[in-house]
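Next up: some structures, all given as structure tokens.
Here subunit A shows up in two complexes: once beside subunit B, once beside subunit C.
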Partner chain A sequence: MTISNKARYALMSLMGVGLAFIYIPLSVVIINSFNSSRTFSWPPQSFTTQWWSKAIGNTGVRKAFGWSLTAGLLATAIALLLGTSLAFAVSRYDFFGKEVISLLVILPISLPGVVTGIALSNAFNQQLGISTGLMTIVIGHATFTIVVVYNNALARLKRMGTSLQEASMDLGANGITTFRLITLPNLASALFAGALLAFGLSFDEIVVTTFTAGPGIQTLPIWIYNNLFRPNQAPIVNVVAATLVIVSVLPIYLSQRLSQDSTSGGRF
Partner chain B sequence: MKSSVARWMYKRPKFRLVALLAAPTLWLVVAYLGALGALLVTAFFTIDSFTGDVVAQFNLGNFQDMLTDPAYRNVVLRTLGIALSVTLICATFAIPMAFFMAKIAKPRNQKILVALVLTPLWASYLVKIYAWRSMLEPRTGVIDWVLGPIGIRSPGFGGPAIVIGLSYLWLPYMILPIYAGLERLPNSLLDASGDLGAGNFYTFRRVILPLIFPSLVAGSMFTFSLSLGDYITAQIIGGKLQMLGNVVYQNFSINLPFAATIATIPVAIMAIYLWLVRRTGALASL
Partner chain C sequence: MSQTLRKTLEFISVVEPASVIVSIRNLSRTFGSVKAVDGVNLDIYSGEFLTLLGPSGSGKTTVLRMIAGFEKPDSGTIELGGRDVSQLPPYERDVNTVFQDYALFPHMDVISNIGYGLRVAGVAKEERIARTEKALEQVRLTGYGDRKPAELSGGQRQRVALARALVNRPSVLLLDEPLGALDLKLREQMQIELKELQREVGITFIFVTHDQEEALTMSDRIAVFNLGNIEQLGTPREVYENPQSPFVSEFVGQTNKITMDGRQINIRPEFITVSKSAERGDRIVKGKLHDAIFVGATTRYLVDTELGESIISTDPSGLLDVGDDVVLSWESEKEFLVK
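Moving on to the complex of A and B:
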């Protein structure tokens, strides 16, 4: 393409500035976790690894991590089940209200989290009288993660078409065998990408969790938030924050390895 | 046994459809729409001023308070201003970056750049805002350390900090759809425009911009709507400044009906925004 060298360099430097804008704050988080000072001051005067060993032994962090993992896995399982069956219904059948249901599934992620949060909390506490706890967190998280599994599964089902299934059934396989040997293997990587994204969203969620978690449960984001303004916890918070930054590379690596569909893990 | 079940199912497509639809529909309609509906109804209730309990008596008092008190009007305008600034800043950064990624970078580097833009999306939301606390901290922060010597000071915690923080959070959501839009745009169009004598800027304004408009709209739906309902960023780096979400959050425990009333504002704004977007036809070509 013909583009002047001047414009080319200008764009290249803008790209550089943009990447610097993205990565400088994240690097600060990682460097700060080795800062030997208890209170925040930049630049760090000296470095230490003692906060890392303290954070690993911290029971609050361990418990919070456990709750986040449990809630994330349960919510992902529900989202996988509901999102996939909805994707099958929408891609393979015509029915009354199809437009409405495909709009309804994106609503929980399009509305502000605070609206979803107080709506669910109001329903649980005032209307239904359910005490909030792990179950209500899972319900909240599943509600807004169904859409990501649904989107991934629907895109794959539409692209797959039905000819493979028809061929399989022409060759004598029944519906269940066809699903097990043809449909599911073809769908698997899309479901994996959707599940990964659903888990990521759930693991990171704070707003809906704030309103649906009972007093006894702290997920990792809630733990970070509660300790953010406690000066003596700052070094531990820094280590947890740095860990989350470093771990964020993992899903990108996995989705690039496993799915050629889109590098975004199906977020778009 | 198994094949007889399969045969039975095969003959009944209606049954299969109902089986597939039942659980997700029940979940979304009962758990989600039901909760939203109940919240909307609560917006018309009031609370007992002694006990603080919700009194189920229909009245428009909350809406009257919300519309007549200038404090709430200011919060709405401020929140809209922040959401619009964030969207504009993200678009200004995202267009050149996406253009470089899609049209100038070598194919091998393209993949790396996409991964570099995507990775922060998986880093925790809270951690990213926390990072900006360290950046913006007056005197001891990173910005004052780096830019202080050349006379640039950190804006501290407040409105500008919220705009910076939210732009930082949602920038990848703007870059990725524009990148996808530019990738679909054939290079020959740009060449043709150049051959016909258009300069870089003219080509951008008359050829590229109209064609990536749907992608811009897609990105803006993230940047705008995510900013509109946010309250955690304002709590962490906003100083004393309040956004709509903060008002909802604060009223949640003391006056739930009023919180519900305020919560209708971002929903209404998003509905209007979506309606405007629909009218431009940008959604259809996504």
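Moving on to the complex of A and C:
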């Protein structure tokens, strides 16, 4: 498609405005975490790392970081196990209700977090009688992390086709050896990308977490929310927010790079 | 019936030392409501180059995949070296396959690809390396061992796929349209190389193709498939010169179907001479030269005849121009009847 120069500049400036809307506030958060002024006077007068040291020294923050990390890792592990298994089932076998299952797996990402959260919270507290805690957070996060691993694995399996597995079996390898030597190595980068994405999504999730975390557990986003309106905590909140941005953006960036690499060089 | 029997006896007496290595009996396979393979019987001799020839959907690939073990038959048996293997998984059958898309493992280099079968069979490392190197040499790829499949050309990938299968010394090598993805020049070169390689290693080749010229060039015998069954089984010469069904005569080579004296006769274009006056044989038909189509090595002359039918000839005599009155002539003994 060709567009006139005028239109091109108009579109580019629109895109610039859009990106600025997203990224300027984020940059301000990160810059302010190094701003020596307690009230974030702008422009920053001098550079300091004292808020970072304070945040690192803060037990509440450290605990919250630990919870977020644990929940993220567990939710990712579950997503890897279930998402990969589902992708195998859907891509390799024909069975009754296959399309329905595929849809049911993908559906939770389109549900509002509030709905998922309330539904899970009701189920845990009233129907099942399970007290909320780390395990319920992990289950809550798994509802949307399974999808990303599933999607990544399914796309790769479909692209791989079945002929590599057939070739391996033809050359004398049984099912297990074939999976170990052929299927898994060719699937690994897709799984890794899916896992990074899942971790990124889980690490900064707040809505579902609010409903599924017990009173004793604060993940990083919940800690921020609880401390947001305490003026003397503001500098530390900034640091935590900056950390959240970095820890959740980095895996997603890496994940995208990985998927691109494998599309260009994986198969021929 | 007696003619078939005589032919069979003739055949047996010619290749007496050959023993049957693959024996297929009443093999059938249905996909949904489609009978892909419908009661195939076929004996394949040790050391021969047998081609399964047919259009797409004729069942030839399904037969090959059932011999390999990728598909299970609905009924019937496949014996390999006297043992019924039809229910065994692919890794318990002494056959190897060269796939249409090569199916090289993208994460392994050429050496690891070729050595894969030996590795999973637990062959010791020194022997593995020696045999892999020899296989590389056999397909003339010495020095390419550390390349990844993505760094090879189509023809080179093809050879790696071939080496990967042959290095295991299977009793039968299955080839699923392996030359289909190559360009014409490379394909013709590979046809010759494949045939030479087969003579050299002495392994039975079962080769699937839809290209009749390829089949005629390479095979010891051809099984012509149509609608899930074998329409004719014979040497390239038998299949070409004496097609046993209308389908075979149409699919292998070109055939003129002419109604003369109230019956249909069939004759290949190269047996008909087109000229200004009758020159050859006892059949003579007059006509007008409608078109001359240059197709490289030959020219096809399309003649509108007095019989009301068009006849194609590829054997001109003298200078001919479109629109000339011409005479077609041939020997009636070159005609063949189709049952």
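Heads up, the rule we're going with is that the second predicted complex is superposed on the first by the 236 of 268 C-alpha atoms of A that agree within 3 Å, B and C clash if a C-alpha of one lies under 4 Å from a C-alpha of the other, contacts with A are read in each partner's own complex, and residues count from 1 in each chain.
As a convention for this text, a contact is a pair of C-beta atoms (placed from the backbone, for glycine too) under 8 Å apart; a residue touches a chain by one contact, two chains touch by 3 or more.
On a predicted model such as this, the values are computed, not experimentally measured, just so you know.
Asker: Check the residue A:N186 against both partner chains and state whether it touches subunit B (first), subunit C (second), both, or neither.
Answerer: After superposing on A, A:N186 lies in contact with subunit C but is clear of subunit B.
Asker: Just checking: does A:N32 make contact with subunit B only, subunit C only, both, or neither of them? Give me first, second, both or neither.
Answerer: The first partner, subunit B, only.
Asker: In the overlay, answer first, second, both or neither for which of subunit B and subunit C A:N174 touches.
Answerer: both
Asker: Using the touch definition from the top, say if A:I3 reaches subunit B (first), subunit C (second), both or neither.
Answerer: A:I3: touches subunit B, not subunit C.
Asker: Of the two partners subunit B and subunit C, indicate the one touching more residues belonging to subunit A.
Answerer: Ranking subunit B and subunit C by residues of subunit A touched puts B first.
Asker: Answer with first, second, both or neither: which of subunit B and subunit C does A:L104 touch in the superposed model?
Answerer: first
Asker: For A:L164, using the defined touch cut-off, is the partner it touches subunit B, subunit C, both, or neither? Pick first, second, both or neither.
Answerer: Touch status of A:L164: second partner only.
Asker: Which partner does A:A119 reach: the first (subunit B), the second (subunit C), both, or neither?
Answerer: Once the two structures are laid over each other on A, A:A119 reaches subunit B alone.
Asker: Determine where on subunit A the residues touched by subunit B overlap those touched by subunit C, and list them.
Answerer: In subunit A, positions 174, 177, 265, 267-268 sit in both the subunit B and subunit C interfaces.
Asker: In their shared complex, at which residues does subunit B touch subunit A?
Answerer: Spelled out, the residues of subunit B in touch with subunit A are 2-3, 5-7, 9-10, 13, 17, 19-21, 23-25, 27-29, 31-36, 38-39, 42, 54, 93, 96-97, 99-101, 103-105, 111, 113-128, 130-132, 134-135, 137, 140-142, 145, 168, 171-172, 176-177, 180, 187, 190-191, 194, 200, 218, 221, 225-226, 228-232, 236, 245, 248-249, 252, 256, 259-260, 263, 266-267, 270.
Asker: Which of the residues in subunit A come into contact with subunit B in the complex?
Answerer: Within the complex, subunit A touches subunit B at residues 1-4, 7-8, 11-12, 14-15, 18-19, 21-26, 28-29, 32, 40-43, 81-83, 85-86, 88-89, 93, 95, 101, 104-105, 107-108, 110-116, 118-123, 126-127, 139, 142-143, 146, 174-177, 200, 204, 206-207, 211, 221, 224-225, 228, 237, 241, 244-245, 248-252, 256, 263-265, 267-268.
Asker: Which positions of subunit C touch subunit A when the two form their complex?
Answerer: 68-70, 89-91, 95-97, 99, 101, 103-107, 116-117, 120-121, 149-150, 164-165, 168
Asker: Could you list, by residue number, the parts of subunit A that touch subunit C in their complex?
Answerer: Subunit A reaches subunit C through residues 163-164, 166-174, 177, 181-182, 185-186, 265-268.
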